[in-house]
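Same chain, two partners: chain A is paired with chain B first, then with chain C.
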Partner chain A sequence: MNLMRFKGLPILKQLHIEEQLLRTSSENWCIINDGTNDPTIVMGVSGKPAELLEIESVLRDQVPVIRRFTGGGTVIVDPGTIFVTFICNKEAVPDLQPYPRPIMSWSSSLYSKVFQGIGDFHLRENDYVFGNHKFGGNAQSITKTKWIHHTSFLWDFDVRNMAYLKLPKRAPAYRSARGHLDFICRLKDYMSRSTFIDKTVEAARTQFLLRSFELGTIENCSETEFRPSTRFLTNEELEAAAVAGQ
Partner chain B sequence: MIGRRLLQKRVWNSGRRWIFPSSPPSPVPAEYCKRHFSTHVLAAFSSPSDNPINLKIPYTENKCKFFSSNAVADLPTNGIVDVPLAQTGEGIAECELLKWFVHEGDEVDEFQPLCEVQSDKATIEITSRYKGRVAQLLHVPGSIVKVGETLLKMDVEENRIPPVVLGNLENEKHTGGVLSTPVVRNLAKEHGININEVQGSGTDSRVLKEDILKYAAQKDILEDPSFTATADLGEPLHGEMSSSQVSAEVSEHYEDTIVRLRGFQRTMVKTMSMAAKVPHFHYVEEIDCDALAELKASFQTNNSEPGIKFTFLPILIKSLSMALNKYPMVNSCFNEESVEVILRGSHNIGIAMATPFGLVVPNIKNVQSLSILEITKELSRLQQLALDNKLSPDDISGGTITLSNIGAIGGKFGAPIVNLPEVAIIAMGRIQKLPRVADDGDIYSASIMTVNIGADHRVLDGATVARFCNEWKRFIEKPELLMLHMK
Partner chain C sequence: MALRMWASSTANALKISCASKPYLSLSRCFSTVLDGLKYAESHEWVKHEGSVATIGITDHAQDHLGEVVFVELPEPGGSVSKGKGFGAVESVKATSDINSPISGEIVEVNSKLSEAPGMINSSPYEEGWMIKVKPSSPSELESLMGSKEYTKFCEEEDASH
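For the complex of A and B:
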């Protein structure tokens, strides 16, 4: 498995790399991005801005909004968010069925090693929680031969940023209609950034032979014209969504 | 019918397969139904004249290779078929259709991506189960599709039904009060089943292909009069037909009877043919079980937990796992296409069991991490489930090596066939008291078990298997050595 580590990589760039690797590479990958640069809203592939965002505030403050290629919910990410992604061939993990729940279970067992003895970590529906507070959100995409499972971990977050997100209509049952701040928690209360990343790499190492990989190598190797679907939503699109949503 | 009985007997002799009742249907491409089965080739004891006959629990999903070829339905797919949104994970009742990759009128190949759907957190590519032409797309991107609902209609090749039937698709076959498609009705007819008797599991009690298969399989088993309910472990196999009863009946009835192989039997033909391509070699060894007997007796005498019965098997299983630590190649699986051997990390040791419902091979997961007591309990749990026909798909899939305790029934040893995609299988004969000659020339009696290891010669060579067997034998003959590795 190739391991790529970044710090402060823009989330759009990260998602483009992930999408390209998922669609065009036949190898296994682990990508870790220790915080992105600017606060950015990232919606799932079929997210509807009017339902999920406070569009007026988003437009007023010019917060970038990205629609990513995987399913799942909406997050607002910033330098306090740590991203961990696994892109695997279907045969990469023995006995793992390439469907959402098995992959979710596999990932949670990997992180169980990372959080052993720390907090009350478990997978709750599709989220990573301590107790009943979410600190990690997951999304996946499964293709004919591969799957990607990526997670954004709230090592730290800015309370003000949460205000850009509405309470989602589709929410896990355990959320019990709690507001953002009652629902999520910070990983920084449990572990330092470097400890978390190191332990995650160690946990991955128990299952895979990891090789470090430099970004430059991918870009040079890419021969096919790959056009990712992950992109920014334009102001016009957001405005149109706001109008349509009224 | 005598002929049927004859065949049943022969099939019995070559081993009966066991069907897990509530599982998804036969060969289905990977992206759909959660695969519950693994393909097992079970120990077959070939008669000297050969043609090893294998036992198979069909169905697929294994890492190594050939499930894709297995995914070709062995059942006729004629005319226009409804392609449903199949199960993509437990608890997921519906998905949102994100986009189509094909248009109406496009030709598609098997496994070609048809569309992308989203469920909860995952986007999933749905690939085609058939080769054919897209007849009609039934949903637009953005719509919510329930699991089981038809996504699109496809015109599948190899039409065997005259066009007149194709034209009748609109009336959803309400004749006889049972909902189903023309394909499913034909299947029922082929199996000689009255479709009205079949319990439908689809929406509105629609009868699906898997319902017909399940019904057919259960019918097969239930109607077999020659089934003997043996509750012990081991292969209900004999090298040749034995009963004089049969020959008496044969003499009264000279006509040929044609029995079409269908369902599991038909799949067995395919999978056995594949297993036949594997170059096997067999390695035979005798193991002194005196120490094993003493150990078992000690466990029994000092047993503090009621309800636990100690047998030889858990000790043999644990010793096997210890030997596998040193020879991981024996616990591997072979990918022919990429010419790769995957050394499996877990020792999931399969144990062949004869049940009233047929032969089944559940496996004990992660033996490397289990104590002998834990193995004993797990074995007992699996045996009970097997007897009650309640083994889960997880119990019977994911095995990495198989043990066949034919000795529980009888026999010195057999020549087992590897249970693909594993690379080794071990048949253990009965423990017999035999005379041995000591170093000083004295004759003494010892309990001797003969084992035969069947191995895939593409992956394992004689030396590896011999050394592996020596290691295993050491642990059995000197069980105190297990303590050296105790953690």
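For the complex of A and C:
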């Protein structure tokens, strides 16, 4: 498995790299991005802006909005978010069926090693939680031959940013209609950034032979003109969504 | 069909996980497989009637995917190629590619799925159909699995994981 580590890589760039690797690479990958640069809203493939965002505030404050290629919900990411992604061939994990729940179960078993003995960690209805407070959100995409599982970990977050997100209509039952600040918690209260990243790499090493990979190598070797579907939504699209209630 | 669906639910509810590999399921495949259809290894079905072939995903697929909340389908007039993706479904925070078992021209798309994607779960072989295609190479159908072969394929796939 190739390991790529970034710090402060813009989230759109990260998602473009991931989408390209999922669609065009035959190798296995682990990508870790220790924080992104600017606060950015990232919606899942089917996200409807009017349902998920306070569009007026988003437009007023010019917060960028991305629609990504994987499923799942909406997050607002910033320098306090740590991203960990696994992109695997279907044979990479022995005996793993390439469907959402088995993949999620596999990833939670990997992170159980990272958080062993810390804070009552478990996977709860597709979220990573300490107790009943979410600190990690997951999303996946499954193709004929590969799958990707990526997670955004709330090492820290700015309370003010949560105000851009509405309470989603589709929410896990354990959320029990709690507002953002009662629902989520900070990983920094349990572990330092470097410890978390080191332990994640160590956990990945128990299953894969990791080799470090530089981004430039991918860009130089790219022979395909791949066009990612992940993109920013324009102001016009957000305004139209607000009017149409979508 | 009702008994098989109940059995599928029960099997899911009673799934026993292996302690050392919690992501393994030891349940058997109780999903519905219909006679008269052809099946791909990527769990899509084809119903060939006259000059049109209808395509969707199987009961096995919808059961393993979970509740479908969104479906992405192409426009009529486009084309599909055997083994290549033509759309995707979203379930349990995952998008999953749907691959066409045959090549041809798309003549109709099930537009009801945009408002009611759950039909793929509740009626994968009927109301949950996805696209209708005019096959460009009818011989491609011969390389697909029949119902008995597909049933065995599902059982072996579930047993090996």
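Please note the rule applied: the second predicted complex is superposed on the first by the 245 of 246 C-alpha atoms of A that agree within 3 Å, B and C clash if a C-alpha of one lies under 4 Å from a C-alpha of the other, contacts with A are read in each partner's own complex, and residues count from 1 in each chain.
Keep in mind that, in the parts below, a residue touches a chain if its C-beta (ideal position, glycine included) is under 8 Å from a C-beta of that chain, and two chains touch if they have at least 3 such contacts.
In this text the structure is predicted, and so the values were computed from the model without any measurement.
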Inquiry  = Let's test your reading of the overlay: on chain A, do chain B and chain C clash or fit side by side?
reply    = clash
Request  = For A:106, decide between first (touching chain B), second (touching chain C), both and neither.
outcome  = second
Ask   = Which of the two partners, first being chain B and second being chain C, lies in contact with A:10: first, second, both, or neither?
value = neither
Task = Have a look at where A:141 lands relative to chain B and chain C in the superposition and call it first, second, both or neither.
result = both
Task = Please work out whether A:119 is in contact with chain B alone, chain C alone, both, or neither, and reply first, second, both or neither.
result = neither
Inquiry  = Quick one: is A:71 in contact with chain B, with chain C, with both, or with neither? Answer first, second, both or neither.
reply    = both
Ask   = Can A:45 be said to touch chain B (first), chain C (second), both, or neither?
value = both
Ask   = Which partner does A:90 reach: the first (chain B), the second (chain C), both, or neither?
value = first
Query = Thinking only about the overlay and not a real complex, which stretch of chain B clashes with chain C: 4-12, 22-30 or 364-372?
reply = 22-30
Ask   = Both chain B and chain C touch chain A; at which residues?
value = 44-46, 69-73, 95, 97, 99-104, 126, 138-144
Query = Can you name the residues of chain B that touch chain A in the complex?
reply = 30-31, 34-35, 61, 63, 88-92, 96, 98, 111, 113, 118-125, 127, 142, 335, 342, 344-346, 397-398
Footprint of chain B on chain A - complex, ascending = 44-46, 69-73, 90-91, 94-95, 97-104, 126, 138-144
Ask   = What residues of chain C sit close enough to touch chain A in their complex?
value = 21-25, 42, 64-66, 69-70, 72, 83, 85, 88, 90-97, 99, 157-158, 160-161
Query = What part of chain A is in contact with chain C in the complex they form?
reply = 44-46, 69-73, 95-97, 99-106, 109, 126, 138-144, 170
